[in-house]
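In the two complexes that follow, chain A is the common piece, with chain B as its partner first and chain C second.
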Partner chain A sequence: MNVLDGNALAGDLAEIFAVDVTAARFVCAGCGHADAVATLQLFGHAPASVGRCPECTDVVIRLVRADDRVFLDMRGTVRLELPMSGS
Partner chain B sequence: MARTAVSRRLNWRIGTVREVRQETPTIRTLVFDIPDWPGHAAGQHIDVRLTAPDGYQAQRSYSIGSAWTDGGTVELTVQKLDDGEVSPYLVDVVEPGDQIELRGPVGGWFVWRPAQTDPVLLIGGGSGVVPLMAMIRQRSLAKTMQPFRLIYSVRTPEDICYADELRRRVRDDGGLDVRYVYTRKTPQGWPDPPKRIDVATLNTYGWPPDFAADTFVCGPTSFVETAADILVALGHDPRRIRTERFGGK
Partner chain C sequence: MGIISRGFGGRRRESVPGLPPGQYLTYDFPVLSAGPTPRIPLDRWRFTLTTETGAQKSWNWQEFTSLKTEDISTDIHCVTKWSKLGTSWRGVSLDTLFEDVETAADYTMVHSFGGYTTNVPLEDLLDGKAWIAFKFDGEDLDPEHGGPARMLIPHLYFWKSAKWVNGLQMMHDDEPGFWEAAGYHMYGDPWREQRYQGD
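On to the complex of A and B.
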């Protein structure tokens, strides 16, 4: 399977959130590694993607798109730090 | 309708292919007209969605190759992956006048903006050069003289994307230079044998760490990891290195 990275999640996340989540920093619940969501190892393509920690490969984000809803599982990140412009 | 009232939400829209350009035997640029395009930053993407007659959909994210000016175009440069679901259609089938469903611009991390005035090091493998080219074109529009250096790894001289334009820009855009790395076949008289990007390449042709350059690395996963690891080992600040991997070989 082709490995992409979190940059490729930008569109699916922009459908849900008002800010660009790929520029946010995650903190991996498994190993504590922190970096931009864009750096996650991404497996799969829409409608189902899994983002893994580039350090320990634990699952950080799962995103599944169904016809009329999105399932977003973020149990693998203990925190998201979002850059806000104008604040 | 309730859905259109949620104005901030990113929606799919229709782009019309105005022109196609074959860049290399396996890489093609699609020039789009997209009504009400809000503009984009260099390094951003567009998601493309194809729908089969039976309703099956395939979606992929592609880097925008063009820099934005008012009245400008939106260009995607796409490499064909033989086992791909979307790229063979975009590279071999699409013709001017065709309409494609897309959404964007998206992505705000692997992005260079002219307000960033530090030197820039661009490291591209194969079609990973596409978002880097958008940065080079954006720099040219901004008419800055800030140092930009591209290290571009390709299999053979025939695989260089944007070859003529890069040659012209190196000549005309002061402060830009380009170094090629050939992995399978070099031009005649090239000083090095074919090789992959290595410590010597980045040490010799990259900026020294104390330049504190904004560094962008884009290419296949193994290329990106190798280049980023070398940069960090050479003393570059990992926080200044931004990476983007794609699924090609």
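On to the complex of A and C.
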């Protein structure tokens, strides 16, 4: 299976958040590694995606897309650091 | 004149016997995975059944494959909407593994190498409804499809048929596994289209 990176989450996340979350920095709950969401190792196909920490492979983000809903499970993320414009 | 000619509607999906609602037929075997494929040497393989009291039964690969096996022909249904009819497996029935196991718990959590989990009620594992399969189409099960051994619970969506299975924990309460915690349905009956929470 081809392993994508977190850039492939951009479309799904753009529907949920007003900012580009792939540019945000996550902190992995497993190992503390911090980097851009775009660097996550991405597994799975629609309707579900698993973003894993590139350092320890723990699950950082799970995104499940139902027909009329999206579930975003971020318990593997200690925090997200979001770049804001205009400051 | 319309651009779509009459009679080009295709067969209604519901007209295919054995196909649950919302599913389409596939003839290959798609690989869906939530993480890297673990490669488990057979001399490191072990399956452990743990009851709610902590009592354990465990089998290594030689012990496991010495148990009574069954050949299973069954349809499988993935929540991503593909179904594959008439698949052929060989495995050990969960009825065999549960012989002599005393438990008062109604639920189980299936565990896999690599950390995957999925919850299944005990009654859905017994009475000829579930197996641990180690052969597909007469061949050893490929790692991509869950080899050396995977759960086979064909009456539920296939995410319940955990790949690379290595254990089963009895539970008094139904707790969500890997996908159930992220929004998938707790039970997953394809005939009732129980794909996601609230379905």
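By definition in this document, the second predicted complex is superposed on the first by the 87 of 87 C-alpha atoms of A that agree within 3 Å, B and C clash if a C-alpha of one lies under 4 Å from a C-alpha of the other, contacts with A are read in each partner's own complex, and residues count from 1 in each chain.
Going forward, contacts are C-beta pairs under 8 Å (C-beta built on N, C-alpha and C of every residue); 3 or more make two chains touch, one makes a residue touch a chain.
Predicted model only: the values in this text are computed from it and were never measured.
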item: Touched partner set for A:Asp73, first chain B, second chain C, both or neither; value: second
item: Touched partner set for A:Arg62, first chain B, second chain C, both or neither; value: second
item: Touched partner set for A:Ala8, first chain B, second chain C, both or neither; value: first
item: Touched partner set for A:His45, first chain B, second chain C, both or neither; value: both
item: Interface residues of chain A shared between complexes with chain B and chain C; value: 3, 45-47
item: Of chain C, residues touching chain A in the complex; value: 31-37, 79-80, 144, 179, 181-184, 195-197, 199
item: Contact footprint of chain A on chain B as seen in their complex; value: 8-10, 45, 47, 57-61, 103-104, 106-110, 221, 242-248
item: Touch list for chain A against partner chain B, complex; value: 2-5, 7-8, 10-12, 14-15, 18, 20, 22-23, 36-39, 45-47
item: Chain C contact footprint on chain A (complex, rising order); value: 1, 3, 43-48, 50, 52, 57, 59, 62-64, 66, 69, 71, 73
